[in-house]
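Below are two complexes that have chain A in common, paired first with chain B and then with chain C.
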Partner chain A sequence: MHQEPVLTRSFRVLTGIVLITWLILPLIPLAIWSFAKGWFFPDILPKTWSLRAWEYAFSDTSGVIDSLWLTIGISLAATVLSILVGVPAGRALGMYKFRGKEAVELMILAPTIVPGIAVVLGIHSVFISMGLNNTVFGVILVHLIPTLPYMVLVMAGIFANYDPAFEAQARSLGASAFKTFWYVTLPAIMPGIIVGGLFAFLVSWSQYILTLLIGGGRVVTLPLLLFNFATSGRNDITGAIGMIYILPGIIILILTAKHLSGRSGAVGGFGQI
Partner chain B sequence: MKHALKMALLASTFAWAPIGASADTADGGALIGKPWEEITELAKGGEVNWFLWGGSDNINQYVTEFIGGILKDQYDITLNRVGLSDTVEAVNIVLGEKESGVNDAGSVDMIWINGENFRTMKQGGLAFCGYTETLPNNALVNWDNPAIANDFGVPVEGCEVPWSKAQFAFAYDTARTENPPRSIGELLEWVKANPGEFTYPAPPDFNGSVFVRHVFYHAAGGVDSLLGDFDQAKFDEVSAKTWAILNDLEPYLWREGQTYPASIAAMDQLYANSEVNLTFNYEPAGVGINIDNGTFPPTTQGYGLTDGTIGNTNYTIIPFNSPNKAAAMVLQNVLLSGEAQLQKALPDVWGTKPAIEMDRTSADVQAAFDAIVVHPNVVPAAELAKNALPELQAAWISAIEKGWLENVGQ
Partner chain C sequence: MTHVSIKELTKVYPGATEPSLDRLSLEIPTGELTALLGPSGCGKTTTMKMIAGLLEPTSGDVTFDGRSVLRDKPEHRGVVMVFQNYLLFPYMSVADNVGFGLKMRKIDPAEIKRRVGEMLEMVKLPDLGDRKPSALSGGQQQRVALARALIVQPNVLLLDEPLSNLDAHLRFEMRDLIRSLQQDMGITTIFVTHDQEEAVVLADRVALILDGKMKQYDAPDAFYKRPVDEATARFFGGHNFIEGSATGTRYEGAIGTLQLPEGVPQGPGKLTFRPENLALGADPSTPNTLTATIKDKIYLGTQTRLKLSVGSQIIDIITNPNQVETATPGQTLTVTLPPEALWMLNS
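On to the complex of A and B.
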């Protein structure tokens, strides 16, 4: 009985190390490339170093810095909207049984199953008819299509393990609907909001084809700039923009890390709709 | 969370701000034949959204800084360069807009284009046509040259304006290979003698596709019998030989031909890391740029083939629904100018071949152009041009690409 927690702990530490290695290792060549001027097999390290890729990345011509702020704004907005829609939707799916529930679940999951490229031209024409194309607002809205499934599923998992009796007690003690939500419901579902919000942010952060078509080239997010160079084999500039690109994700991951451990309610209830 | 909301509000107010030019010149018909001063006046203070492949910092800098600078300083036009990973993305935007009935407020004002994408635009009625005579610098273009007047066999007919010329060339590393094969016939033998040292990107990759066409020309015993409209009987005869040659070659390719690189960028990486010993490109000047930016080893040398390599012209096109046609025309006129074509030909800028007749430009431009010393590792355009082969019509090209996928790449 006494040894088991120690074993569990060392196993946890080990998996932690493996995971971090897997996450960090691929980034090392990326970082090296961003300072390299040519790096050929079988050299362990580049023979010539250069700051050219970084100079380009920070130049006005590349537009990377403007694009970074724009991408942060769009992803945060998409995250907030996902939370506003995802919490009530998750509550309905997690707590109530109703006719056609499976169909609703399938509809919500559909964007993660159907390849985006297959529907994006249809979405484009819908957005044009609503006059939403070529705007930042349109891009934020279209990002909700891939972000909502994650948000709703996480919230549905949370609400599946949630006891509404707490709310009833608060109301019977005289709390208003808003106070009940603020002091009872919100703290209980906070881990889910954080985890779902993190998913939503990262999914929005990595959108390419939806942003390109709906943004019509006016809304230039970082993935658009990054893929230009990634597909053309420019490892140095891809490395520099890539390092800038992963930064917000890492910061948010660190800020929310404690909610992502196995003991978090958000992960525990996942998948038990 | 408060911060997030603020950002969201900020972002949405930004979205409602009017985006678009002050001068709306969607009606292209009204611009055709107008005096040039009136067109530049209409374009003044506006913007132009140019969609073009964005994978080269050199090209991006030339377009944004040099061309964008001229537009701003001399015409008060804002150039918005939109980088693409693949030109078809811009064509799809225009196509989607046409299907949704957006006829005068499109998001694309100009695309860098040729070949298949031009055919799609022209046949689909997505191009603004008939205006090229209105551009003053159109006089510098030799429309009597069939290689300019036809884009991959499709007559241009005033629907686009040439920007650069390119001609396919090979490259090898002098530190690794002594005598590279200098014709398609030699190449086929060289590959068998040096197994695992060669591959080509799988068509429909632009560069892989043109390599397969070189083999196709070789199998046909020359290009002459292939020019003109698509001929099914001729295609069946030549393609059978071509697939036999390529399938015969497959076991000697990189990884025994079990897989092909998906793009030219992937093949360039294989070449840079010594996995294969030859590479090629439709843009021969790329060798110099790639050495300078460290993508290729400095011992890389470009070269042409004794039995000729295929050349093409690339163009800029204005979509039918561009709301800034006057500004786009001014941009095209600037691109055609002797100064802009000269700058583009400088080896440290881009090194690409002008699409205009340099002897029709001013004496200063001509002198500067004649004084250009090409990158020592790039095969000179004049040398390549001695053995230039024409492109086939688009119907041939799509049949060859489809046939390769069914018979070789399966």
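On to the complex of A and C.
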């Protein structure tokens, strides 16, 4: 029988411990808070429990539900736009050689390096002149700045390993350009669209500064609402909204886990070009 | 069903100084199986892509039954190309791959199912319709690729190195399959290959392309019997090129005087003959005998190759090993060069 080497096994255990410590443990107090009526030092657990925070979160007065839908809408729209831009851009970067390609790659990656606040102040003044400030559409557009690098990076990796001869084959079998894309190209790049789209959705989902500045306080997404409650000291409501806030990430992660494995080729980025 | 003509077809890729294909002209009669033969990079795949409409020519024309097809989109030309690496769509089943072309033509699904079944029967893979291409062997994948191409009953079928990825024992099976399907359906077929053996066993006619130019377009045996020049003869494994000149049917040159067949190119040039067409010993019916000394003997299993010196010339011959079992270097022997085995190349 195949025996797993000791080193690999202990490394796996270590990775597990680190993941739990950094990702799961910090969430536990948040979850407990959402069900606590009061939780004071030096109690290990709250003395009295309550569903009050959850009731409030789901009530009309809190605005959580409206904000949840708004956030989902903005993130979905940003994801769709990222796909529409990222697929052709990724194809160009992954498949073709052209003058200034390195510069284009750098420009696309720049938003992941340059702090968002530095960029958004400039954009703010541009958006004012275009009337895009304080609008949902403006927020969606500004979310593309951090989402696009991920989308383009993933698609460039996919297209670097993609053989365009399949398209020539489909054409010669009688498929029109559109049908070739639909039946041949799209299934081949789908893992990339799923992974890139997942990144784009989650990056948009977690935007705070960009939404705050461009939305001007009128476009209240879930992280903005969460921040309001967190700073006002309502730990129980913060806990409940926090739980709602992390839910989509977990659902998406579970649904797309198989596409995230290193073997799928969707997570290679520019390294594979 | 389609007569293909290629007229002065030229392709210069952007940024290149030399054309990849230089004024190629070819007439491919209806229903014939033609090979475009040449070393890699000689322009043969470029030619195929231009016929298929996947690449635009710099100049020249491609006509089907006299009508230019250069303005037709690839999906409207009725040309199907089978690529060397088969390019089966990996996420579709074998049956979906074979039926792809019909689906694109909006044929009724029940009809597609029936014709796919028939087609898989024809390529002798009747039970593999539900499999994924990755579960098939190379030979099976190629048959699926062939079925996928033939099911749409193309006017012209293009094959890219159809036998080169196959093991020796599969090559003849596939060769027979391609020939019988092509003959049954009467599809004008063009294939490209760098392997002269592949061209000879499969094609009715062979076009040899060297350095982007067509050297010779002929029946396969002509390349052995009547090559047009030394490069052509060498491509087909010719070794013997001996200075001399032809006057009528008389050769005079470095290995004496010999009788030539009718119709040889006249004047100074090179005498050539296939190493396998010489006979050991004297033949009273012809004056073409030479006395030669064995320089080297190379045993090749089913054949033995002898290097002989005739005066200062070295000639290569291939014989049956049993005939020369006791021969050793330094020995002298007599060889006969039948006139019909000789040919002249103009220099």
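What we mean here is this: the second predicted complex is superposed on the first by the 238 of 273 C-alpha atoms of A that agree within 3 Å, B and C clash if a C-alpha of one lies under 4 Å from a C-alpha of the other, contacts with A are read in each partner's own complex, and residues count from 1 in each chain.
In this section, a residue touches a chain if its C-beta (ideal position, glycine included) is under 8 Å from a C-beta of that chain, and two chains touch if they have at least 3 such contacts.
Just so it is clear, the structure is predicted and the values come from calculations on it, not from any experiment.
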So, after the overlay on chain A, do chain B and chain C clash or fit? They fit
Message: For A:A170 in the superposed arrangement: first (chain B), second (chain C), both or neither?
response: second
Figure out whether A:L202 sits in contact with chain B (first) or chain C (second), or with both, or with neither. neither
Once aligned on A, the angle formed at the Cα centre of chain A by those of chain B and chain C, in degrees rounded to the nearest 10, is 160
Message: In the overlaid three-chain picture, which partner chain does A:P187 touch, first (chain B) or second (chain C), both, or neither?
response: second
For this session: Would you check which partner chain A:A160 touches, where first means chain B only, second means chain C only, and both and neither mean what they say?
Result: neither
Chain A contact check, chain B vs chain C, more residues touched by chain B
Of the partners chain B and chain C, which touch A:K179 in the superposed model: first, second, both, neither?
second
Smallest inter-chain Cα gap (chain B/chain C, superposed on A) in whole Å equals 20
Chain A residues touching chain B in their complex are 36-41, 46, 48, 50, 52, 56, 60-62, 72-74, 76-77, 79-81, 121, 124-125, 128-129, 133-138, 140, 209, 212-213, 216-218, 220, 224-225, 227-229, 231-237
Seen from chain C, its contact residues with chain A in the complex are 49, 52-54, 73-75, 79-81, 83, 85, 87, 89-91, 100-101, 104-105, 148-149, 152, 158
Given the complex, residues on chain A that touch chain C span 163, 165-166, 168-176, 179, 183-184, 187-188
In the complex, chain B touches chain A at residues 1, 3-5, 7-8, 10-12, 14-16, 19, 49, 51, 53-57, 60-61, 64-65, 80, 82-86, 89-90, 92-93, 95-97, 99-100, 102, 107-108, 263, 265-266, 268-269, 272-275, 293-298
